[in-house]
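Look for subunit A in each of the two complexes below; its partner is subunit B in the first and subunit C in the second.
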Partner chain A sequence: MTASTRNGVTRLRRQGEGLDRALPYLLLAPALLLVLAVVVYPLYDGFRTSTQFWRFGRALEDVGLDNYRQAWNDPQFRSSLWVTLRFVFFSVACETVLGLGLALLCARELRFIRWARTALIVPMVITPVVVGIVFRLLYASDTGLLSTVSQSLGGGQVQVLSDPSRAFVGLVALDVWEWTPLMFLILLAGIQSLPVEPFEAARVDGAGAWRTFLDHTLPMLRPVLIVAIVLRTIDAFTTFDQVYVLTHGGPGTSTELISIYGFDTFFKFQQFGYAAAMLLMVALVVMAVSFLAARLIRRQATA
Partner chain B sequence: MNDNYLPEEHALSRRTILQRALAIGGLAVAAPLLAACGSSGDSSTPTSTPSTGTPVGSGPTGSGKVIIGGFEDGAMAPFKDKIVPLFKEKTGIDIELLLEPYDSFKAKALQDGQSKAGQFDVYIMDDPWVPEFAAAGYLADLGAAGITADPDFSAPFIELGYWPPQNGPRVKGFESATPALVALPTIGDLQTLTYRNDVFTNGAPKTWDDLVTTATAAQKAGKIKYGYVFRGVKGNPIVTSWYPIFLSFGGVFFDDKWNPTFNSAEGKASADFFVSNLKAIAPAGVAEFDSDQEGAAILGGEAAAIIQYSGNAIKSDDPAQSKEVGKLDFGVVPAKTKALAQIGIFIHGVSSNAPNKDNAMTFMRWFATLEAQVALAQAGDLPVLNAAFTDPTAVAAHRLLPVALDQIKSGAQARPRMPDWGKVEDIIGTELNKALVAGKGGGAALDAAAVQVKAALTDLKYY
Partner chain C sequence: MRSVLHRLAIVLAVVWSLVPIGWMIATSLKSNREITQDGTLLPATATFENYRSLFTYRAFGSYLTNSLVVTVLSVGVSLVVGTLGAYAIARFRLVWGVERRVAVFLLLARILPPVVIVVPAFLIVEQAGLLDTWWSLVLLYSAFNVSFVVWMMESFFREIPVDLEEAAMVDGDSRLTAFRRIVLPLAAPGLVASAIFAVIVTYNEFLFALVLTTTPRAQTMPVGAATLIGRIDIDWGAMSAAGVIGAAPIVLFALLVQRHLVRGLTLGAVK
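Let's look at the complex of A and B:
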């Protein structure tokens, strides 16, 4: 081997060692860049925007945390946050109970159960805007299905969308109809993955269905249940399309979720800084909920 | 064979392949990004030189297209059917008309202006949008392209094309600016009364009291289901319905310093009348009614009267849409102290970042000609030139025209010329909607709204 060939080989080896060291970072780079581009930068830009006063489509001055203070003192923001929290609580609670009940029912190998399982997931695959339109047609006081049925039975028109309390209930009902299938699917998968031995032992010991559910099914299903609730809670916080089509937040502010108020503030009123501050505050609430839920899951796993 | 013995330039190791693959991959990713970054110099860039466009009346000598964005409305149907092909025939330029729902188009157009994307050449706007778009610099100065306002434009319409406004209060930052022509009226829309001639047998009711009295009697006699119908949904719909009542009672929205004055005694009386007297003769669920439902009530023969814009009024004579053809007539809106309607014209401006600015300017010039305006009126829309309102061929084809002209003479006012009217309207509309649901408390609703409007305008540094 000549000296020049030896030098060439040594250089190649050195290059190779360098590349070996850099390779993990190079392979990670695309994913990292993607995360930076679609998560970190928007968050940074959103935060920067939230500290600016915007008028006429441009940032006029830096105002520090004034937009956050303004949001906190804005009755409409507080009202929409309260409506959102109530909406999330009632929707997720109903969906959990119904989803669990349906999952328990469909976990058994009964006749027509496959058909029922398929039918149950249909609402989830319909576009939210379409769901909003369908429910608007259902609830409309003049020509809606509910009013038509009520009048054919001798009753009067059913006022859902023109009454604040009923409109809120109607919105929760829409969400429950659409998203119970998601809870059902997750919980059904959870139930079907449970070990059979504890249930057989309980049956041998003479435990009834309710006792078996409380002592075995529910404790073993709890981690899955928490995951399902967390996922649905995060999703419910961002509900927009259906409300936009169904009520646009009305009557009054009875169904004005924070997503609707944020959208109007940003796109209709062009108050970019203020809208960014509001929505970042909501993001913090959602992150706090998720963080608490994640800790709960970890504690369950280690218990 | 040992790789070590290959000549260096021929060695193709796993690492070399990886290096080259990374380089090629990097180039593949970077190329479109670089191309996108460098695209600011291509044909989509707005030209900074004054545009003149194809001379109007020179025949079909133009080419290319003009992208016009607008919002869906009944009044856009004649524009689409008649004006779009006529413009092509006269100038040789294609119109690409992109229509979307009202809120959706506004959001998209504002985004287009803010991002300078150049998605549209011409925005067809609702007139309250002009201050918002113009203050942000999204509209080109038409004067710089040599376009001036034709003296035959209806005076209350052309005033809306200037920013800052030539008359009335101005927002901070524009107090001393010279008004520039940034938009031209497209469709001269304004509210008029549509009523059932078998209920109001003596013609259009002259006052609000006449309307309520006659409609109530007709309801009691079983001649009609509802005496009056309107839009009660929060925000723009309910405020639009209440507006002519507010004006006719003598209400004024702001003083010269932008302090809210809409909760004056006159304003409160109009709101109380609206949420109680008018609700009493309207459908029970009117608080959820929007255009589709109020339209169904009047065209379906359930309601005796409605105040609406021309795009919906012209449906009265269309057997495909109305069950009551021949029973619906038009009139000036009822009065309390005055018979005033809301102006809600369609108005179009050229985007500051229009990719086809020359063609856009050609459209602006052509559409302001009497020929185009008469064609628009014949097709069923309200024109914007005075001469087109009285053109015999147009009047023969469009019986709403003389009534609209009467309404302009009687009085018609545009909404306050401020960039934040949307926010103000949202606040008033929400409070009025609450009162409408309750069927009382219209005056108190305006008091509550005034406090919120004052706070909102303070945050926006109006004072």
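Let's look at the complex of A and C:
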């Protein structure tokens, strides 16, 4: 903050009398109360729920941290955690590589990219539930696009969602389809804001495209790249809608993300206490990742 | 030559983005006989039967109304509440640095993944007798958006010089008048970007709508579209039409605000 604005602030404050002095608090109060009532109180209530044993929609007894211990020893919890980690890793890795490649290609095709951009944005605005429907329609073994094309070329049906490992790949493909555009847009903005001089110098020195990329583009783009990767990682960790529609975790538990397992425990099996404990742990992990990332980003920015 | 390659890559990316959606639209225009037996790529004879059935045999009219009401109300509330809060944070130094503390607190609320409160939210709403109403969704979505709006608008307000308001106040405007006449118009781009992002996120929200609503009285579009997803016996025609109808409002909205969209989306994601 500059000195002049700080002076401005104090000068404005001195003018305040009576109602005027209360004004900032009145402006602040609604936002604060809304979040306290609708986010913080439920959070507290959720923690209380997580320390109770629930059956048939009723809290039967206080069990302390037993629900958390139970999750630790629950093979299905561990398996869904593992599926989630793999899903996040593969999705974000593909999105980063594809988004970066596309952004590098497009950086100099400004006029051309303008109309293409609209088309690229559609996957990320479209309702996630509908993205699930879109991919159901692609993967359906009898009537899907993949099978239809394969059959018209003389091949057989393509089975995606009935096979555990292929269903997992199919889910990653869905996420890549939906979110590569976001990576692309963020990185494109990043590339376009880079200074021009280093690149001109490199060209004068006769450096090849690959060397220029490694020596100049990548290091300068690193802060933006980290922000984009962190954002996608945090978001992908709680992916729910698309999986709910596409596979609901199946076949077996091959695509059962932690959000799906938590949801089923809550909504299908009505084990409110256990579900609350699991989801709280997921939130803790996500917040921890956010904090570490924020520190990393800040260090990058000051370095 | 290189330029041709560049363009080819972009065209491929566009095709890759649009073909899956095109397939959904094509399927929605086919009769179920054509879908299951003929295996055509494009509909041989286009029919709107699938769409008609959504509005006559299913409650897609209600889903649409519910989605619009809930989205407009909650985005409206969060914009008003959030903008006022952001202004206070950006312009005032309060006792004990209250404004700074509130800002950090709201940021924490923003980082928190909403899924964590889905169980208590259900229990509280059930106890309050508000299951299957607009109000529970409006309240939740307003609160989810408010932390984001505050965070976004605060940075916009900070960029507006204080001198402008002071001048207006010296000329006799009250603070709120100065805010409305001077600051708000200057912060309009931020307001637009926040609104766009909030509308998209709110319209698309599924988990809380799924848990807190049970009938077409309050179910929103994503929930309505998901009711057509069978496990065994699937009506492909109706499901694809539901997908098209479900996504249509938000895609139309995106195309309408296209000029501000990229800014809204990238800022919204990064903030």
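One rule holds for everything that comes next: the second predicted complex is superposed on the first by the 272 of 303 C-alpha atoms of A that agree within 3 Å, B and C clash if a C-alpha of one lies under 4 Å from a C-alpha of the other, contacts with A are read in each partner's own complex, and residues count from 1 in each chain.
Throughout what follows, contacts are C-beta pairs under 8 Å (C-beta built on N, C-alpha and C of every residue); 3 or more make two chains touch, one makes a residue touch a chain.
Since this is a predicted model, take the numbers as computed values, not measurements.
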After lining up the shared chain so the two structures overlap, which partner does A:Asp142 touch, if you call subunit B first and subunit C second: first, second, both or neither? both
Is A:Asp163 contacted by the first partner subunit B, the second partner subunit C, both or neither? first
For A:Asp264, using the defined touch cut-off, is the partner it touches subunit B, subunit C, both, or neither? Pick first, second, both or neither. first
In the superposed arrangement, which partner chain does A:Trp177 touch: subunit B (first), subunit C (second), both, or neither? second
For A:Leu120, is the partner it touches subunit B (first), subunit C (second), both, or none of the two (neither)? second
Taking the superposition as given, does A:Met220 touch the first partner, subunit B, the second, subunit C, both, or neither? neither
Under the stated touch criterion, name the partner, subunit B or subunit C, that contacts more residues in subunit A. C
Could you look at A:Ile133 and tell me whether it touches subunit B, subunit C, both or neither (first, second, both, neither)? second
For A:Ile297, using the defined touch cut-off, is the partner it touches subunit B, subunit C, both, or neither? Pick first, second, both or neither. neither
Would you sort A:Ala276 into first (subunit B), second (subunit C), both or neither based on which partner it touches? second
Overlap the subunit B and subunit C contact sets on subunit A and report the shared residues. 5, 8-9, 12, 15, 23, 140, 142-143, 248, 267
Once bound in the complex, which stretches of subunit B touch subunit A? 4-5, 8, 11, 13, 15, 18-19, 22, 103, 106-107, 110-111, 113-114, 132, 135-138, 173, 232-235, 283-289, 293, 296-297, 419-420, 422-423, 426, 430-431, 433-434, 436-437, 452, 459-461
In their shared complex, subunit C is touched by residues of subunit A numbered 4-5, 8-13, 15, 20, 23-25, 27-28, 30-32, 34-35, 37-43, 45-46, 49, 101-102, 105-106, 108-109, 112-113, 116-130, 132-138, 140, 142-143, 145, 148-149, 151-152, 177, 181-182, 184-186, 189, 227, 231, 234, 237-238, 240-241, 244-245, 248, 259, 262-263, 266-267, 272, 275-276, 279-280, 282-283, 286-287, 290
Report the residues of subunit A in contact with subunit B in the complex, numbered from low to high. 1, 5, 8-9, 12, 15-16, 19, 23, 26, 53, 55-58, 70, 75-76, 140-143, 157, 159, 161-164, 247-253, 264, 267-271, 274
Given the complex, residues on subunit C that touch subunit A span 3, 6-7, 9-11, 13-14, 16-21, 23-24, 27, 35-36, 39-41, 81-82, 84-85, 87-89, 91-94, 98-99, 102, 105-106, 109, 111-113, 115-124, 139-140, 142-144, 146-147, 150, 161-163, 165-166, 169, 175-176, 200, 203-204, 206-207, 211, 221-223, 225-226, 229, 231, 234, 236, 239-240, 242-243, 246-247, 250-251, 254-255, 258, 261-262, 265-266, 269-270
